[in-house]
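Consider the two complexes below, in which chain A is the common component and chain B and chain C are the respective partners.
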Partner chain A sequence: MIQLAKSYFADQRTDDLKELGQGRPRSDVPGHVTGKTAYFADRTFPGLLHLKMVRSPHHHARIRSIDTSEAEKHPGVVRVLTHKDVPHNVYTILILIQVGPEDEQVLAEDKVRWKGEAVVAVIADSERAAEEAAAKVKVDYEVLPAVLDMEAALQPGAPVVNEYHGQNFYMYDSGECRKVRFGDVEKAFAEADHILEQTYWSSPIEHAPTETTGCIVVPEGNDRFTCHTNTQAMFFTLDNTSIILQMPGHKLHMVGGTVGGGFGGKVDVTVEPIAILASKLTGRPVSFIYSRYEEMQISSPRAAEKIVLKDGVTKDGRLIARKVTGYTDAGAYSRHSPYGAQKGAAHYPGPYTVPNVWIDTYCVYTNRTPSSAMRGFGVTIADFALEVQMDKLARLIGMDPLEFRFINAYRDGDMKAHRQKTEGAALIECMQEAARASNWPVAEKFMTMSSYKGS
Partner chain B sequence: MAIWRGTGVAAVNYPTGMNLGGDPSQALVHSTPTGNFMVTLSSVDLGQGLKQVMAQICAETIGVPTEQVIIDTADTDTGPHCMGTFASRGTHRIGNAVIQAAKEARQVMLEVAAEALEVDAADLDTDGTGNIHVKGAPQKAISIFDTALTAHFKLGRSISGRGMFLVPRSFPETETGAMKPSTCYAHACTVAEVDVDDETGEVTVISVKNVFEIGRALNPRMVEQQLVGGSWMGISHALYETTEPYYPNREHGGTDFNEYLMPGPGDLAETEIIVLERPAADGPYGAKGPGEMCANPQIPAVANAIFDAVGVRVDTLPITPERILRALKEQRAGAV
Partner chain C sequence: MAKVPVQFTLNGEEKAEFVESGATLLKVLRHKLGDTSPKGGCHQGACGACSVIIDGELKLSCLTLAETCEGAAVETTAGLAADGVMHPLQRAFVDEFAAQCGFCTPGMIMAAKALLDQTPNPTREDVVEAISGNICRCTGYEPIIRAVLTAARANSQNAA
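Showing the complex of A and B:
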């Protein structure tokens, strides 16, 4: 199915590689197809305990009291954990690279901010006992008004979702949004022959990996803990666990291996810290593995986004102004969403050379499942909006959609809105090859264009 | 009521590595007494074949067959720090670290061979099949097997190397947004062909022709599996997937693979993958990261094809039969 189109950029390559450039079978495939590959959950340990989470049934509520006494008496229950057991209960993943503030409680203390938030962890001899006991935990809630959509969240006087932020958006060093300012968009709109303003929406989606998020923790004899995990980032997990549990990093040993699908869903640190704490407090191996329900509705999805694009074009096909306002629905907590919204600001106006650009991207808090990393976040939905908009603009001025893109495509040396010169461009060549492969009629002058500078 | 065919196009680019950089990865390489090479990492293979491509990169750099390289990874006790496997960074960041470590190990290996052959190390080269020889004089040679034994048991030298790769972090200027998001970008253009049933609102993707520019296809078969998988994921994103079908309403979310819709084998389109290679200046052997990019262009291409077929725009993802039927209804009402 794959075809290497070697005629493009042939002057930039020397085809003298021996081991690379060869289509070799993956060394792990025989293990996969014969069922011999070991995943973290294939391990068994004597005395293994199972952790199940009691979760919030409300979108937003104050916790008046938590009563675990009945759960603790349930047969098979070894330990019940609340926020009081977590040494440093408020965390945020990217604090490691100075993206704060810490804004999420490992186990909810005073409030729950989304339906599904973890409140109490029950550890028992069997999954069944843990689930039955979890149902006996009594949490007294005072239900609060919830903010479920971004527009309502940004209204003045909206209930505050997350007090650690104080307002319903992430505060960047640039203010309420990440900004890019290049040229003069208003002047260019005045000069444009056509202006098109459109709004695009997406809803959250799941990573839907075959293997759900989870880990198994084993206490070693030397006061260390070995955590068999399917995290996508071993040291993210180790370092965040070290902070949350106030446990020196040298006591932690993360062991990964083959992961049954990640797609960004396993970059969050949601199971390991609490499972390691459970193992420490019980002195026994502990397993915490998301059910399929938890994977679908509790683990972070891709953020919903709202994107408003306002473009100015000339009738001969030049895109001369692009104004973007992007909103990322972070849900109740940051996780990786402030990073994603900022990545969007770096991505617009797309792979086109536009002389006047205005970008504002917001990361908005709502009482929803926290969104986080997912394959392409910050860019995927932006590309949907940008490329549908390009199609609409081409039709608006009566131009072929592919030819309209050739006119505006970035080339080597072109200045981008974030003030980096374009290097290594290849959009034009991709479009040329796509036109050939699909027999899309494109004028000869576009088929002989090049991304190279000065060509 | 009829079935309408439409064609749509989309073109995209995608940055390699974490936005704004600042995401390090390290690698260590050492030889065993008999000349096999161990690469030690803490990176995670997500099923995309990271271990395989790192073995090939190490083998290419040292000059040995890939079979002689073993990857030991995903263990924080043994592997040096890696930021993680995400942001289309694995091949680029970790690959560069492996190259640096392998180059250092190769240099020691050649020095040991030079001592054994009583020649200058600069005059030596590898043949890629397990031997080191004097350039221009292939008969004056020593096997890597014997070189490693010599290093271990006669010279007391460690054939090993350390590698580290870091793109320095960029901090956006607050008022203008001046910043350096990435050092290299992958590219794509997709043409999608769809059939739209204007009675049921159902969309059938007939074909997707994907052209990807990825710097360098280090292992074309693994590139293929990633790009084909990404292309299917893009179609799924465009037409099927959501945890909240009536967002921002929280109800009706799927809780398992029966309720959470994704295309089945019968729903997959004829998929064509064409790869262009414009090597990245800072890529390992020119490679960029195509992992995320490859699932993006199908989404707008399918949306544009639907418009081409039936003349309605659905600007909300996913583009479900319900949304198409509502748009068609509005279109008909407007036409009266």
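Showing the complex of A and C:
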């Protein structure tokens, strides 16, 4: 059981918090264990229709024509939707906070930019009829050269993945990347006893929630729609749906609830707008639920990253310079990746005080599945890289890796590279606890340090 | 589509339905009989979220055709609590923090019940084997293993 160590910061703490270290039953678990918790799909509606998506079989292709005539004639099919049916077909999630341009088509019009991109939606009175009819949709593609890794994407003359951006990286207001400049990194490299440059790579990671992404939409009969959804981002969904369908928000009644595993994989807006449109155009309840295949292949994963870390360190263990170039593979569309790459820029010094820092982080477009949020995206892979780097640096100068971290740990009042003054740091105290718990021997001077410089 | 009559008991209650030939037991339980405790996670027998007990044996309801359940006794997590009192497995899952998002939980509990019905005093290895067909993506398996062992101890104390 965790114990709250009240001795730390005792002179700053006048409260008497006592919840930490107490076992408390979760309020929702009795529902889970009795099968009473209602997930979005635990509902049945008379006349329910099923939506299946026709998806691109190519990484990158121009669409010459779309022929839905055979699919429309298939028994059980009620409606077939193409981009022509979507009122505002080009969107981007973060336009809500002015991060544009709109760069993604709800249903593909002229091009597909990743294998799996949605092209045509088929709505039928059974899942089977929808699947059979989807197989009858004919899309004529002109296959284009695909860009499948970030280095290829950034080569001069590389095929342009996304014309809404015009180049294969996101253009920030600061230019082609997010930049952090602090101190004089080149001067510090010249003064360092050792320099270590390493490149770290990561692959995309799928969240694989047990419950797949989906929603069920029910028309209320007054041009208002109730959407039972397992989104993790109710207001992103509401506002983006409102933009895509050109419907005021009060017509859209979003009902969320318990999500059967999300981990960030359910913050994109991929099923609700098209399911609500289908319900509006058919006047019937519509279910759009990803198959397991779609959850694994279509839902956005954590971005692949490439991180080049160059550090300068002194013999006595001070990390005096860090230069980072980070690349985030957004896939074909922005979704949340410009934000993820930006988070990385602020994060790369890690929880350490480094006096000279130079950081560039790029958000790169490729013909891969759009990546997006996943548990600490933008910083998780960065943390992996920089902590591995810290171990390597300690080894390089023959120092204990934990003691090396004590020397460089940020403390209250230290200025971070992105010009935020450190407040409420507790890294030193955490490391002291970790050293005790793991019987890792650390010099006494580190065990008596404090994050709080005032004491 | 032609319908097929099927009768079975669900948690001890007699049920009779006309089902589409080829409909899965999962679909019939959830959308015809209103028992949504079994979940559909993969619909291909890979995740275990739809696990139920049929005539004492653990089965995947997403791979079981409803029409093959004629005369069978089907048990689901929704039927475990008696008179509003949780089954020892349900109690143990609450106490041991063995559920987070809860989506795998009903299937996990069915897998555990199938084990305890046959092996009242299982070893840790027995429990690991019993839930090896059930995927959890949140809590991790350790609290679940602890919960099953706790429930087994509670059962044997009650029996003693």
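The rule we apply is simple: the second predicted complex is superposed on the first by the 431 of 455 C-alpha atoms of A that agree within 3 Å, B and C clash if a C-alpha of one lies under 4 Å from a C-alpha of the other, contacts with A are read in each partner's own complex, and residues count from 1 in each chain.
Assume contacts are C-beta pairs under 8 Å (C-beta built on N, C-alpha and C of every residue); 3 or more make two chains touch, one makes a residue touch a chain.
These numbers come from a predicted model, not from an experiment.
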Task = Considering only touches as defined above, state whether A:T231 meets chain B (first), chain C (second), both or neither.
result = first
Query = So, A:V255: does it touch chain B (first), chain C (second), both, or neither?
reply = first
Ask   = Is A:K179 contacted by the first partner chain B, the second partner chain C, both or neither?
value = first
Task = Tell me which partner A:A373 touches in the superposition: chain B (first), chain C (second), both or neither.
result = first
Touching partner for A:A208 - first (chain B), second (chain C), both, neither = both
Task = Mind working out whether A:K343 is in touch with chain B, chain C, both or neither, as first, second, both or neither?
result = first
Query = Looking at the overlay, what does A:R26 touch: chain B (first), chain C (second), both, or neither?
reply = both
Key: Touched chain A residues, chain B compared with chain C   = B
Task = Would you mind listing the overlap between the chain B footprint and the chain C footprint on chain A?
result = 25-26, 28, 208, 258-263, 292
Task = Spell out the part of chain C that touches chain A in their complex, as residue ranges.
result = 30-31, 34-44, 46-47, 49, 76-78, 80-81, 86, 89-90, 93-95, 97, 99, 101-106, 109, 135-138
Ask   = Given the complex with chain B, which residues does chain A contribute to the contact?
value = 1-6, 8-9, 12-13, 17-28, 59, 97, 115, 148-150, 172-175, 178-182, 198-206, 208, 231-236, 238, 252-264, 267, 292-293, 296-297, 301, 304, 329, 339, 342-343, 345-347, 350-351, 359, 366, 368-369, 373, 375-376, 378-381, 383-388, 390-392, 401-402, 405, 409-410, 417-420, 423-427, 429-431, 433-434, 437-438, 440, 451
Note = Seen from chain A, its contact residues with chain C in the complex are 25-26, 28-39, 41-42, 44, 207-212, 258-263, 291-292
Request  = Can you check the complex and tell me which residues of chain B touch chain A?
outcome  = 7-15, 19-20, 22, 42-47, 49, 51-52, 55-57, 59-60, 63, 65-66, 73-77, 79, 81-86, 128, 169, 172, 174-182, 184-185, 187-191, 209, 211-213, 216-224, 227-228, 233, 237, 241-245, 247-250, 253-257, 260, 262, 271-281, 285-286, 291-293, 295-297, 299-301, 303-304, 307, 313, 315-318
